[in-house]
Structures are given as structure tokens and as C-alpha cells.
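Across the two complexes that follow, chain A remains constant while its partner is chain B and subsequently chain C.
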Partner chain A sequence: MGLRKDPRAPHHSHARGGALHAGHAALAAWLVLPLVPLVLWAAADRWTAPAVLPQAWGTAGLRDAVDAGAGTGFLRSTVLGLVVAALATPLGAMAGRALATHRVPLGGAVLAVLLSPLVLPPFAVALGLDVLLLRLGVPSPVGVVLLLTVAALPYTTVLMRAAYAAHDRGFEDEARTLGATARQTVFHVQLPLLAPALAGAAFLAFLVGWSDYVVTLLVGGGQLVTLPLLVASAAAATGNEAQVAVLSLSSVLPPLVLLVAVGLVGRRARA
Partner chain B sequence: MSTRQRAVLLVLPALVPVAAVVGAALVSAVLLSLGLTPLVGQPELSLDAWRAAAGDLGTATRLSLGIAAAATVLAAGVGLCLALAATAVVRRSRLLGALAALTIPVPHLVGAAAIGLLLADSGFLPRLLGVAPGDWPSLVGGQWWVAVVAEYAWKESAFVALVVGSVLASRARSYDETAALLGAGRWARFRYVTLPLAAPALGVASAVTFVYTLGSYEVAALLGRPYPEPLPVMAVRLAGSIDLAVRPQAAAVAVTTAVLALAAVLLALRALRRLSAWD
Partner chain C sequence: MSGTLELRGLTRVHAAGQPPALAGFTLDVPAGSCVAVLGPSGSGKSTVLRLTAGLDSPDGGSVLLDGRDLAGVPPERRGMAMVFQRPLLFPHLSVRDNVAFADRVRGVPRRQARERAEHHLELVALRGYGDRPARALSGGQEQRVALARALAAEPRVLLLDEPFSALDTTLREEMHDLLADLRVRLDPTVLLVTHDPAEADALADTVAVLDGGRLQQAGPMRELYAAPASLAVSRLLGGRTEVPGTVRDGVHSSVLGALAVPRPVPDGPGVLVVRPEAVRVTSPADPAADATGTVVRVRRRGLRALVAVEVPGPGGASVEAELATGEELPAGRTVGLVLPVADRAVVPPVDGTPSDAARSPISHG
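== the complex of A and B ==
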């Protein structure tokens, strides 16, 4: 049984199809166009106006980026993202599990507090805490990790709360009936079932640490030079577009690779 | 141990750091802005920092609200179109959904660098259109903050598309088919079926976009003009100043932005409650 067609459709379908294609093309251009100069510049040794394509291709941008410290910056950003994910994912999972059971007193208020970092501007939190951390003598990298973990917790908590709400506890009860210990049940039944959600939560938390700029800038005190700090200082200067492009692309590719990997984990778990 | 106690123990490791960081940051910023915890000199309750910042604070507030509003309207409009195209019953575009998803992990800072390379007077777009750098309007660093708004609209439209698209994909199709079977035309189906179904998700995504844009620093710092400044740029400049006496002013700007963001969220929640009650 087909859908009932709009009676006017035959007269207009051609024009409408054309307009639809034009609309889709415009939307695709809107999404892709900003990334095109980034890709072209990354491989351009010389590209002066008004040429639409680079006049000379090469790896000058890559060389400049490496000279600017892209290697260590990349490493620092990776470690920062991993540490934030390692802290925010289990904490968010535990909080999400507790909130999903509806047994937390004042659950609504607790959730509101856990979500508050989403509302408050990161620069405002960083400025407020900066002086306090200095006075307490907290090392700046520890301060950065603390603030970014707090910034990531809303995402991991909400995601894991939804996952635990949809999670069937029957499997765990069955494992316990069959003689599994509480610990075995968590590690061999609960966590494997929740692997896709945990991977998603860890990805989001990694992204918070990996792509942060303003907290690292304000609290890091210039000691923690991550990839975003390099991108910003290169982009603020003029005449080194190729370097900006290489640095930018190198901070986009790892999350993209992870996104695909997380998608694959999810697909395998569903299969 | 009761299940209630266990639930509390499970939630505390996340709750304590969040409450401590957010609470300490807000209290510390308020105290600093009121002169009670100065970096130099004696603590003394005063509104000096607020008075000193007052003039620029007004301009910065209006500018920040304007940029956030413009970016939110554009992102909501384009995002809704993307969501509709990616979930349509007839001629659904999987490509657009995939492209929007791929834009999500691009950091705003990288987005700003990309928009700079696209819209500057010797950027990719004027070259593509064959416009000489001298004839190209100053979109980057210009009077109308076009590049700044464009970056937020670009990144956040993908976010809106993802949120609205997931709702439409799960709920709208069956209603849409039912309405079509009952003889509703294209426009009627959009107006009375799709739009009301998408509205709550569109509202939430728009509110998130607005609050994010309001408090975000790097895009305006990179693509904006030196003066006037939006709130985050003003606060970070004051906080980085060699003159420690202006730190309380930076705190005043931070408190102002936090209060605005909170007010925006509360207003949005109220509007959304009405929207879903009406739905």
C-alpha cells in the first residue's frame, strides 16, 4: 500500500524535485565549505590570491607545525583527553546508575547540580577558581584536569543515566542466581552490556579534554601547551595559513577516528 | 546498607567535585568583584570594580546577547532544514545526516580557524567568487561580527540537526504517514505534524546553542574586532592584564555572564514547559 499522493504532485514534481536537489546541495555546501580551505591550505606551499587552487603543493605547513611543537602538543592533548575520560566516565556511570534507580534523595536537585557546568560559561568558572587554586598551591595541570573533569561530568552522567534506565537488570539477577559474585556480575555482565554507552560517554569526555582551549589558557598558566593553544596562537598571527591548517586538521582527525571506532563498537555490541 | 545509602554513595564521587568547583568558583568570583579578596591591598566591601566596568559591561552585554541571538536563529533554521532533509520520508538524504555528524567533533577553535580561511578578504570564498580582496566586505573583524556569527551558526546547526533529527527519526515518520493517508497536504503535514513534534527538541537545542555562544571565548577572540568586545573576551583580557587591580573587574564580567546564562536557561525551561504542555 502506497502513500496517498498529493493530487497536485504530477504537475509540480519536476520543479519540486529540482528545488529539493538545489536545497540539499546548498545544505551540503553549508556543512562542507568551511572545511575545504583547511584541507587545501594544509597541502599548499604557495597559494596567493586570487588563485582558486594552490600554485605549489608540499609539506611546508607540516614542517612549520612540527617546528611550532605540534608533536608534544598532540601528546599533551591526548593525555589530557584520556585522563579526563578516565575520571569522568566511571564517576558519571556511577552517578548515572544511582540516578536511574530513582533512589537518590532530592534526585532532581542532584541532577541540576551535576548539569550546572553546562550552563555556566567555562571561562567564568576558570576565572573564579584560578585565584583560589593559586592560593591553595594546586599545581596548574591538576587544576586543569579538575575543571575539565567537572565540565565533562554532565555529558557522562546524562548518557549513562539514560543507558542504565534502558538497561535490563534481569541479566544481573540471573547471574547472581547462578552463583556469580557482585563483583563478577558488574564486570562480566553489567559492563559488557553497557559497553556502547560507556564508549560514547568516554568519547564525549575525551573530547572535552582534547578540544579545550579557554580553561587550559586561564588555569594552565602557559605551562600546559596543548594542541588547541598552538592552533590559537598560529591562527592569531598572519601569513602562516598552511601551519594553521595542519594544526587544525591534526586536532580534528583523532576525534573523527574515535567517532568511527565508537560507532563500530556500538554496531558490534548490537549485532 | 540500604539501597538508598548505596545510591547516595554512588552519586557522591561525581556530585562533590562538581558542587565544590562550581560553588567555589562562583563564590570566589563574587567576593573578588566586591573587593573582599583583593590580590593587592586590604579587603574592603566596595562596588568600585562594578562601577569601573559598568560602561563597557553594558556594551559587552548587548553585543554578546546580539551575537548569541543571531547565531541561535541561524543555527535553528539551518539545523531544522538539515534534520528534515536527513529524516524525510521521500528522498531522504543520508549524506546530509553523515556530514552533519562529522561536523560535531570539530572544536569551535578549529571552526574559527576554518571560517577565517574561508571568509577573510583573501580567503577561499572571495577567490571562489572571483571578488578582489579590496572589494570584499570585512566579514572577519568587521562591524557586523559576520564571521563570528557564521562560525557559531555553522557548528551549532549540525548540533541542532542531530538533536532534532533523532526525535524526528523515531517519532515523526509514522505520524507523517498517517496524516498523509488521511489526505493532509505537504504544507499541512509540516505545519501540524512535523513542526509540533520537532518543536520541543528544537527549543532545547536552541537554548543550549544560545547559552553556549553567550559564554564562549575563542571564536569572538579570533574572528572579532578589538573593540567593542563581547563579555568573555572582555573578561579574559582584564584577567590577563599586568595590572592586578583590574582583576575584580574581570570577576564582575564573569559573574554577569554567569547570571545571564542562568537567566537564559530558566527562561528557556519555562518556555519549554509551556510548549510541551501545549503540545
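== the complex of A and C ==
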């Protein structure tokens, strides 16, 4: 039911449809092509210079990646991404709501502060705060989560601010007069209506945690070995390209899966 | 199901320093009646509904339901349901679950809530539409679902905020018929807000005219047409003829001459207003004619024509008259005008505070 097409949607002309399809194909190629050599490398036991395709296929890359700790790294990155998303999404939603409803004095200045992590070089921020966190005695994994949550806030805030600005408060007024409490209104009306935006914000926040390198390395002090750290160290070491390819693929695929999931949520909400 | 609503001196100031959106508004809505609040946009009429529903809180005055003061009672516990100009159907729910919403948040089991929703969809002639997504409906159907959803909440007072204004004429009349039918079957108490006198006339037992946040006049529509209390009321109801003059001993003197006024009016300056439907156009030689003048403009209005007649004199005066069906008059023709005594009304010259009599609440629906 959710995916049923809106009967009022305008029909595209054939010419426009064709151009659209060509555009989609180009975009897909743009995204997929860089992955092709990665996939080939991941399954290559031997692939030397002049050959167009690997000379020997195998699972040596996968074995090496698992030996290097890909499994636990994958798990750590997932947990880190989820924790950052779980913190930055509700915070961004609250900040976005407050900013969109103009209940914040000097809203522009507050927004600028919230956006500042985008402007400041993460390396400098991480180095500076590392010292502070050490002095305060904050455990390094907590420090990593804190910093990455702040880094994810600009994305979730901006996205949720736009969502709340487009959100019609009339739906909530209507729900209240129909007998819904303020709490029921949030859970039965506001959140379902904002689900696509929330999914998008959570996705972006997850990516911040999932893909971070600098903060995890500097503040985590090498204790929190996530997938990006493994990829970097494997890529910096001797040429085991198959292992690097497997590690890279395992850090690319989860966001892709999530992206499709978020897209589906959005489509269901618009149907 | 239906309750008695009393609004007592409701005042609301949106922002400090600005004139109040609503000032000392008093209105009675007897159980089972339909009362319309009629006013131009920005007159504060939507504020009346928001204060009644508890969506905003008044800066003064009170809302009473069956004699109980609702101050501090949140919207969900007031026993009111509102239908807005926009249908506001929840897009993530089917038509049936939209109608079942009030029952569901009250904790009625899903199955039972859906059965009741089906019943209310039948009431608005949308049987079989329950499975559709809320967005797959036309504008008129959406507003029917919104009405069914509000009725399913079994409100003690049904609040309608310009619910049919966005619909085209045919659909609007269908909705008027539907609402009249629902009133007969369910006997709800209805407080309606509209800017359209025809809609107020078609739906309401009594009408309260609001302008600039103040109640101008309240009573049955017929009474408002016959004896508007102010220029604002006269204009809002489509009155076009306004002849300034002076009243003395129940006679209004102006360019049109000395005309007796049917109702007692205080002596002093006053504006004579008369509805175009009431004015009769006759020959200039007709002894019954109250004044003579020249047709300066003819406007078509369906089968009838609306003519503006310029009466000469100091300052001059323009009187508008609706001709009988099929009657034609060219511009430039000299005609006589009959202003029947019963249809004459005199209002205060400046559009200001209405008389105390107009402020009194509606006594009965």
C-alpha cells in the first residue's frame, strides 16, 4: 500500500523520461565504477601489472582482513556509528525544532555555533580537545563519542530545522482537539510525519561515526580500532591490496544498505 | 452528546503593544444549535475557535461548557473537535485510520475503532473509501473525511474553521447539505467560523458578526440583514448604499429627502443603509417614488441586473438597486426609487464602537 503511486502525479513525457533515465544511468555508473576494481582486488589472490583481470582468484584477501581484526573493527564502527546517530539525531531534532519555530533568541548566532564543527579543521579540534578530555579524566571511547556527536550535530540540526520549518503545526492542533495528549501527538503524528527527515538525519550522523578517522585516532589513542583505522593502517603497510580491498568494501557496503533503507522510508512516507 | 457553550468576555492579545486580536467577546451557543461567527480575514474569528478549543489561552474572559469553566483544561480533555480549512488528514494513515484516530488515542481497541470509523464514513457518504491512503482523495472527499474524523470523536461541541472555503461552489453547497443532514441526525452543537454571509445564512441559526476583534452584532441572519448595527455589518453583508444625513424625531434627512425610519434611532448624524434587493425602481413620475435619479452603472448578476442610481443634490448619493428578473435599464435613464420603510436602517456615521444593545449576547438560538 505504501508504495502505491500517487494517481495525481503528472505523467512524464517520453522525452523527459528518456533524459531522466540517461541521467540515472550516468549517476549509477559514477557511483558503481570505482567499486569495480575494489571488488576485483578483493577476490584476487594474484593480479600483476599488465593483466586486465586477476590471474588467480581466491579468498586470501578476506582471510587476511579477518586476521587483521576486520570483524571486531566492523562491530566497533557499527556501534560507534549507531551511538553517534542515537545521540546526534534527537539533539539535532530538538535544536532544529527550536530554531525553526523561532523560539531561540539570536537564532542565527546559535546556528552559527552549531555549524562551527564544519568550518574548524577536525585535526586541530581533536588535538586541542584531547588534552582537555585527558585532564578531565574522560575515558577515551566516551571522548570519541562526544566529539563525533558534536561533529554530527550540524548535519542533523540543519536537516531537522528544514523539516520542522516545512512541518504543518496544524496536524498537531488537529490531533489535540481529537483527544490526543501532547505525548500521543508527538508519537502518533509528529514523529511519523517527520520520519523521512529523521531517517535522513540519523543516516548522516551514523556516517560521521562510521567513517571517522582523525578523532578516533587522536582521542581514542589507538585503543578504539575501528574499520577506518584498519583500512588506513592496511593501506599504509606493504602492498596487500586484496586485504585493503576487502576492508574498504566492508566499510562501503553498510552505508549503501542503509541508504537504500532510508530511501524506502522516504518513499513510503511520500506515497 | 451536544453541550452548551458559553464564551464570556474573551480577550486575546497576540503581541504586547498591538491591538487585541479579540476584545471582550461574549457569545452563547445553546446545545444543538449552530452559531456562525462571521467576519473578514483578520477580524479575530479564528482566534475565537482557537481559544474555545484550548489551542491558545485567553488573556481575559472564560470558556464555559455546560456551565463548567474550561480554564487550564488542555485541548484533548475539552470534548471538542475541530475541522480546519485545510483537511489535515494524517498522511501516514489510511482514510479509515484517520477517522479512527480519536478512538485509538482514547484506547479503544483497533478492531472496534475501525468498525466505528466505517460507520462514520457512511455518515459522510464515503462508504468503501476506508482502505485508501489519505492522499488519494479529492479536495471535497478529504474535507468529508475530516468531518467524519471530527464526528467520530463524539465532541460535545463541533468547531468548524472555514471548513468549506477552499472548495468550489458546487462542492461547497454539497457540504452545506451534508452538514444540514448531519445536524438533523446527530444534533451536534456547532460553532462555525466563516467570511461568507451566504454560508452563515445557509448553516447557522444565529450569526455573530466580528470586526476588528470586537463583536458588532449578533442575532438571526434575517435580523442582521434588516437592521445592521454598524456600517461594518452592513458592508460585510453586501450592503452598498450608504447615504449620510441627520436623524430627527425618527426621520432621516439627506439628499434623498426626509425618510421615516422604522426603528427608533437617536437624534443626530446617521447613515441610511438599504439593501439593493429591497429598493424598487419605478418611473420618475410615480407618486410612490421616494427619490429620483439617473442610472450610472449596470452590472449583471445572473438573471437580474444591479443598477447604481445617482441621486443629485449637495454631495449627491448613490443608491444601488436589484432589478426584477429579466428587467433591463440602460445607463443614463432617469428613474424613480422606492425605499420601503421596513427596509430602511440607520447606522452610526463612523465605523466605530457598536451600540450597547449590539453587544448583548445572543439570548437564544
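The criterion applied here is as follows: the second predicted complex is superposed on the first by the 237 of 271 C-alpha atoms of A that agree within 3 Å, B and C clash if a C-alpha of one lies under 4 Å from a C-alpha of the other, contacts with A are read in each partner's own complex, and residues count from 1 in each chain.
Note that a residue touches a chain if its C-beta (ideal position, glycine included) is under 8 Å from a C-beta of that chain, and two chains touch if they have at least 3 such contacts.
Not measured: the values here are computed from a predicted model.
Enquirer: Since both structures carry chain A, what do chain B and chain C do when superposed there: clash or fit?
Expert: By the criteria stated at the top, chain C and chain B fit after superposition, with no clash.
Enquirer: Looking at the overlay, what does A:S233 touch: chain B (first), chain C (second), both, or neither?
Expert: neither
Enquirer: Tell me the contact category for A:T72 with respect to chain B and chain C: first, second, both or neither.
Expert: Touch status of A:T72: no partner.
Enquirer: Per the contact definition in the header, classify A:A95: touching chain B only (first), chain C only (second), both, or neither.
Expert: First partner only, chain B.
Enquirer: Just to be sure I read the superposition right, which of the two partners does A:L218 touch: chain B = first, chain C = second, or both, or neither?
Expert: In the superposed model, A:L218 contacts chain B only, not chain C.
Enquirer: Quick one: name whichever of chain B and chain C touches more residues of chain A.
Expert: B
Enquirer: Could you tell me if A:L259 is touching chain B, chain C, both of them or neither one (first, second, both, neither)?
Expert: After superposition on chain A, A:L259 lies in contact with chain B alone.
Enquirer: Which of the two partners, first being chain B and second being chain C, lies in contact with A:W41: first, second, both, or neither?
Expert: A:W41 sits against chain B, while chain C stays out of touch.
Enquirer: Smallest separation in Å between any Cα of chain B and any Cα of chain C in the superposed model?
Expert: The answer is 12 Å, the least C-alpha separation in the overlay.
Enquirer: Overlap of the chain B and chain C footprints on chain A, residue-wise?
Expert: 4, 6
Enquirer: Mind pulling up the chain A residues that touch chain C in the complex?
Expert: Per the touch definition, chain A meets chain C at residues 1, 4, 6-7, 168, 170-171, 173-182, 184, 188-189, 192-193, 195, 269, 271.
Enquirer: Using the touch definition from the top, list the residues of chain B that touch chain A in their complex.
Expert: Touching chain A: residues 3-4, 6-8, 10-11, 13-15, 17-19, 21-22, 24-29, 32, 37, 39, 78, 81-82, 85, 89, 91, 93, 95-96, 99-118, 122-128, 130, 132-133, 154, 157-158, 177, 180-181, 183, 185-186, 208, 211, 214-218, 222, 232, 235-236, 239, 247, 250-251, 254-255, 257-258, 261-262, 265 of chain B.
Enquirer: Mind listing the chain A positions that touch chain B in their complex?
Expert: Its residues touching chain B are 3-4, 6, 17, 20, 23-24, 27-28, 30-38, 40-41, 49-52, 91-92, 94-95, 97-99, 101, 103-105, 110, 113-114, 116-132, 146-147, 149-150, 153, 157, 207, 210-211, 213-214, 217-218, 228, 231-232, 235-236, 241, 244-245, 248, 251-252, 255-256, 258-259.
Enquirer: Help me check something: in the complex, which residues belonging to chain C touch chain A?
Expert: The contact residues of chain C facing chain A are 53-55, 74-78, 80-82, 84, 86, 88, 90-92, 94, 101-102, 104-106, 131, 133, 135-136, 149-150, 153, 159.
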